[in-house]
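Down below are the structures I want you to see.
In the two complexes that follow, chain A is the common piece, with chain B as its partner first and chain C second.
== the complex of A and B ==
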């Protein structure tokens, strides 16, 4: 263990110079209480920032807290502790107008497209709805023009706009959900596993549409996925989550070429397994880690900063795995 | 061409009965000579070609009173159902959508009304408020909402937890907007089915209240016809034509609305099942 080599202790992801931080969370925790008894800590002290034009992927296995983190960033659920900042201001202290502005600039794409739109509404109305809420069109003609333009970008025909959600396919529905978010011209798109419910060819099409729109419009993307290959190809930077914590982050190239955390390595090699867990261990990977030591069980590893934008939460920092 | 609406057998029977009552109400607006004799024969005359359903204790044509009574019974039925459905829907949506302490308080309030025996309470209230057409409507409306509230609450709660509502908050929609534009249209099916069933219940309750003498004597309904038949010796005279026709009308009308409501409810349930997890 190279504790003496530690270059520092990160409390938050350091923004890279030259890019404005749009949305940021600091030491966010979310604890869900069960209806009967007990509770579950879904997100445990996560700090993260998204910069303008960046595509940040959050990867991890099911139950690692990715979706909860994405919803907290989107302002859909309140964290138990910690704060989320939008353009430098805590979202809990935004007034009505600022809150509306936040909901226009930060858009969330859910995992299940078939549940994302009101089943009793026509797709046209669902896409036009954000425009109506934010009064972004002065007339029906202008609304139609915007909806047709944004729908055309995502390959939706007028015939598909006239249908209800149950009458279109999953891929078409996900495109409609994307079109609805894009109608507001957002600055941050939080996509929560937007392709996980689709077939491979549709997945590729949806990802291509998001990337093309991002290149053209310049919005930032927080892409939650458990598809490692996809994250490797599309993202600028990557955060790896386990047990509600970000255990490693860095540029996509660095993370995929030289993972530092034993969990990241095993995730890439496909050797993680649902083994025996020691619930009270400080490190969530303790029970499966080949390099575990006494300190891993007793003391929570801090985030160790390596270089300008690279961090890992492991006491074995510096040792290649 | 694809059929937009094809009623089930239950609904067909219900629709037929409801149409029959509506026809009776419509005929009651015709000039009197069209459907009943305007002459004044003896009391308790049996059915004849002049008086198709005979006459009652004061020599009134029973068919005429029956048709006039259809207006009152149906009007009270609809008005009582409107009041109870509006209260039930508002309480249900508010409790289901707001959740938390609001849900607990309104839920307990609803449970309280559900466990209190409604009919005795209605009798007490009707006796206290007095014999008036509007009082009967008020009593039915104020005491018949809890079942609707329970069902609407369950549906509103399901919709509140759905992903599309979460998405609506994400795009900046307010709670009132979500309730009016999304929750109400999605609970509409259950509200409509409950309304139709409430019409049936209201007609029966009105008949019950009128039968024991708590109805409005100025506007005699079918229940009031039964009350007069009982209190003015029709049973002793063996004048079956004074109580059998209103009895049949009450039974068939409420049965018609029940069948229609049940059909609508099952149609609504199967539709929400086919949509899948709407919420």
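== the complex of A and C ==
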């Protein structure tokens, strides 16, 4: 993590004691190459950690790299550079057993529930599949017992388990996807905009289910969303992403009550809308920022840290005004 | 304000292999001159069917009864060619999702299709107009966007192309179908600002959405639909301050800012919906009447409500 101490009152970030870090990524970058020509830097040097039992929301607009970051942390795609650690070990150097353990403890929920499950499988089998892979049940009876109990938690009846994805509604499907990942008793749930395609009351139901399960079972949640109201209500801490970088992070209360980055404040006040202009300025918000200066165009703002868990990437906070 | 479009007892029934699905259960609604009417409803509530009925876009297996009056003329009983001409000249549709754009046509052709088809605008003029419209929507290189295909444009640009499609002809009625589904905050704000621009050029607008915050921002009146029935029609301010129908208040309470309380139960299957009030199985204030009889639409102050509470 880039740390600087340009002004006196800004202090070095200390890793917060007490809570154990489960997944941590350090200076992760991901560049996608197009088949024809050129490439796109989706994630640009992100360092982030998820601690046991916390709910961390990643907010940002489409194309800011939220999904790519979530997938990297779930081990689903390899970063171009940088490393991801799980319980202190880099995930690329896990042996077979540790790798299996990682894939059990870290579960990923994709954005589109209708694409998440095999359309030709019964929902029962989709929920039971991870149990079979991880040999979590010794017999069919035991498997049935686990599937039934986890489905009951998410309000799915036996009748719904006997159907195929096309025969249930979007909300039911998302609950089935949740049940599938919860069947494994994970320690981290990475949810990639799990409610953006759902109606408001269905969204409330899914979010409630995740929160209740988290309170009871104590797993950590990385919640990727573009719904600011939702993030404000549910999360402990928040990262704001723009142009592949985390431009501000902190506790949810601090971020929403006193945003420091001009982008974050404009997001909350609704004063600007997302531009499709992507220029080559060092700060991704350069072209729309009211406080921009020459330095913002030429060199990437480092992460200025304020207090123990608060950081902002903006030159305005490192310079005396 | 006189009404521009009136839906009178509009019923739509889909026949699907022996099954009947009542998609609209006798809808009475008017769209007034100069207003933006927000139609609020969850998936399967019949919002899109309502729009498609006005455009006569419903498939063959749909049985439609009732009337859709545009300036007093019934679009449903008119012969198809006349109706299509009337619709083409006066209505425009901003469809749901980018799938509505033809991947094999350049965007300018799709933006100017309506003026070229119905107002005798030539190709060159059409091209010029499309570029001009895109320019007014804050696109930096409108000529490049106009000459691009669907896959060459970003989400923000495609959204503008869709809005430009709705704004390309002379003033009329604009229908928008879920313009913010799956969009992030920034894009939503873009749609709001584009919509406000498009509003100046049209006589009335009907916006269909399940996004409460968005409708609060853009509409003058709100019409709440649930399972093919209109449950409440009221002024937007009134609706968000004191919703009358139990479903409306339950829906508002499911918002993150209002407690994130989900509505109990499931949306009923449209193949075998409940008799009587469609919301009754999930309603906390139901009584004996609700399950058996469809409540009548009642005027309470300025608000129309379909609930026995007010009957």
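By our rule, the second predicted complex is superposed on the first by the 297 of 321 C-alpha atoms of A that agree within 3 Å, B and C clash if a C-alpha of one lies under 4 Å from a C-alpha of the other, contacts with A are read in each partner's own complex, and residues count from 1 in each chain.
By our rule, contacts are C-beta pairs under 8 Å (C-beta built on N, C-alpha and C of every residue); 3 or more make two chains touch, one makes a residue touch a chain.
These numbers were taken from a predicted model, which means no experiment stands behind them.
For the composite obtained by superposing both complexes on chain A, the positions of chain B and chain C are free of clash and fit together.
When the shared chain is aligned, chain B comes close enough to touch A:134, but chain C does not.
In the superposition on chain A, A:74 makes contact with chain B only, not with chain C.
Legend: residue contacts after superposition of the two complexes on their common chain; A:61 is shown touching chain C, with no touch to chain B.
By the document's definition of touching, of the two partners only chain B reaches A:119; chain C does not. In the superposition on chain A, contact is made by A:180 with chain B only, not with chain C. Contacts of A:110 after superposition on the shared chain: chain B is touched, whereas chain C is not. In the superposition on chain A, A:203 makes contact with chain C only, not with chain B. In the superposition on chain A, contact of A:87 is made with neither chain B nor chain C.
When the two complexes are overlaid on their common chain A, residue A:236 makes contact with neither chain B nor chain C.
Once both structures are overlaid on their shared chain A, chain B and chain C have a minimum Cα-Cα separation of 9 Å. In the superposition on the C-alpha atoms of chain A, no part of chain A is touched by chain B in one complex and by chain C in the other. Listing the residues of chain A that touch chain B in their complex gives 71, 74-76, 99-100, 103-104, 107-108, 110, 112, 114-121, 129-130, 133-134, 166, 177, 180-181, 184. The residues of chain C lying in touch with chain A in their complex are 42-44, 140, 154-157, 181-187, 189-190, 193, 210-213, 250-251, 254-257, 260-263, 266-267.
Residues of chain A touching chain C in their complex: 60-63, 169-172, 196-197, 199-205, 207-208, 226-230, 232-234, 267, 270, 272-274, 276-277.
On chain B, the positions that touch chain A within their shared complex are 162-164, 166-173, 177, 182, 185-186, 274-278.
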